[in-house]
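Chain IDs A, B, C and D follow the sequence of writing; residue 1 opens each chain.
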Amino acid sequence: MKAGIVEYRVPYADTDQMGFVYYGNYLTYFERSRNELMRTWGFTYKELEAMGVGMPVIEANVKYHAPAKYDDLLTIRGVLTELHGVRAKVSCTVMRGDVLIAEGWTMHVFIDLATGRPVRIPQKILDTFQASPEG
Amino acid sequence: MKAGIVEYRVPYADTDQMGFVYYGNYLTYFERSRNELMRTWGFTYKELEAMGVGMPVIEANVKYHAPAKYDDLLTIRGVLTELHGVRAKVSCTVMRGDVLIAEGWTMHVFIDLATGRPVRIPQKILDTFQASPEG
Amino acid sequence: MKAGIVEYRVPYADTDQMGFVYYGNYLTYFERSRNELMRTWGFTYKELEAMGVGMPVIEANVKYHAPAKYDDLLTIRGVLTELHGVRAKVSCTVMRGDVLIAEGWTMHVFIDLATGRPVRIPQKILDTFQASPEG
Amino acid sequence: MKAGIVEYRVPYADTDQMGFVYYGNYLTYFERSRNELMRTWGFTYKELEAMGVGMPVIEANVKYHAPAKYDDLLTIRGVLTELHGVRAKVSCTVMRGDVLIAEGWTMHVFIDLATGRPVRIPQKILDTFQASPEG
């Protein structure tokens, strides 16, 4: 299955006084992998928005396994794990080498940006997903 | 049951180009209510840390019901909904007037800050929770 | 002179591993006081945008005098210190009680949001400023 | 002169409702280039801290020339432009291709992390700087 993969160096900005990456920052990390995931499909979220379609998050979940620290080089990986009706789920992991730092998922709903209402998944995305062996 | 309640005015900083509060920021909003929740118990998270105990988040979940926007005045409310063994769960809501914007929870584990290992819940917190009618 | 004043409790999210508020966060603190400053004028930045006018920042400066820490209750204060041509300057201070934590300023240019081009300062803002004894 | 250079893809998280990168985020961008700058010297800020020395920012300045947008691939570049007494200045630029997005600088003071007091610049850093043709 196609994956969106990002290498990310942790800045001081992301740490908190416990010396670890603040827990809320992982949702931005997940987003970074989703952006690359879409790029592997041959288009970008920006292009999706230009088509009048958005994919806001309706639910997010993160499990924190081990702390990440300043200057760590992390690998963030996202894969599409569900796609039906008007929804898509992307599952993500954050690793430092072989160490699992965090994992989680985001559930998205496709909406018409003009009306804010749910819309069917664009055919371009369906085609991409169905072409995937595990899709 | 005691609740930690914060009024919060959304700055431009928290919005994204969709015009809504970025989804990761809600985890900071939840934290703001947890800080006030502990204050209602008669001590602060800072004092807990001074006792050598931390409460890192091991899992977080957020459901997004309606978008919050720039300059919205939000009410963030957190309550302790589980406390057993070495764990505590805090459930939070974010409201704009009567509108539910987001809800979710964080699961925490009590740790010894010197060793990083789980520790029993400090008696001070147990007492506070058991004194609560719904605790 | 009218001032925009905000009380702000520092969350864990704003700290870094040195145990202090990360230096970039002060620009968000400044923004919080600017939002309140405009409110003292009888309208909001949101209403300005609805009039088709924006005030993007073209330069920012911060001097860091003393560290702010987790759970500090800060007072952020912003005042309009220049207003001429298409520009406005807002000067801000961040205090913890009597201790000066940081001070700085932002220079803004009034733009037409439709074209992105500089525009004359809306009369509503000029009137507000000129009505001020020190304006 | 040695430069710290980072390629950075703008996430949705960094944008605001005007559709541009929020102005405070540039201070994190600058930090990313400073981290790489130190790495070009053969050590890291983390190692400096392990030596008991910190380099907190005492002043920062940013000039915003053009907006950066979601999914832009930015090049952030930082160089050491002053080093004397207990201070160091790092000047940074943020470019999108040939377009200058923002430029600015941060002034740092070397401190003993144990006492918080200013200390002379570590010889390791002086050597590095003096070895540079423009240093």
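Rule of thumb we're sticking to: a residue touches a chain if its C-beta (ideal position, glycine included) is under 8 Å from a C-beta of that chain, and two chains touch if they have at least 3 such contacts.
A quick note: this is a predicted structure, and the numbers were derived from the prediction, not measured.
K.L.:
So which chain is the furthest away from chain D, centre to centre on CA atoms?
P.N.:
Chain centre farthest from chain D's centre: B.
K.L.:
Is the C-beta contact count larger for A-B or for A-C?
P.N.:
Higher contact count goes to A-B.
K.L.:
When the C-alpha atoms of chain A and chain D are each averaged to a single point, how far apart are the two points in Å?
P.N.:
Each chain reduced to its C-alpha mean, chain A and chain D end up 28 Å apart.
K.L.:
Please compute the C-alpha centroid of chain A, do the same for chain B, then give the distance between them in whole Å.
P.N.:
Their C-alpha centroids are separated by 24 Å.
K.L.:
Compute the distance, rounded to whole Å, between the mean C-alpha positions of chain A and chain C.
P.N.:
33
K.L.:
Give me the residue numbers in chain B that touch at least two other chains, ranges are fine.
P.N.:
12-13, 18, 20, 24, 27-28, 31, 70
K.L.:
Which residues of chain A touch chain C in the complex?
P.N.:
Contacts found on chain A: 12-13, 15-20, 22, 24, 69-70.
K.L.:
Which chain D residues qualify as touching chain C in the complex?
P.N.:
So the residues of chain D in touch with chain C come to 18, 20, 23-28, 31, 54, 56-64, 67, 106, 113.
K.L.:
Enumerate the contact residues on chain C facing chain B in the complex.
P.N.:
These residues of chain C touch chain B: 6, 9, 11-13, 27-28, 31-32, 35, 44-46, 70-71.
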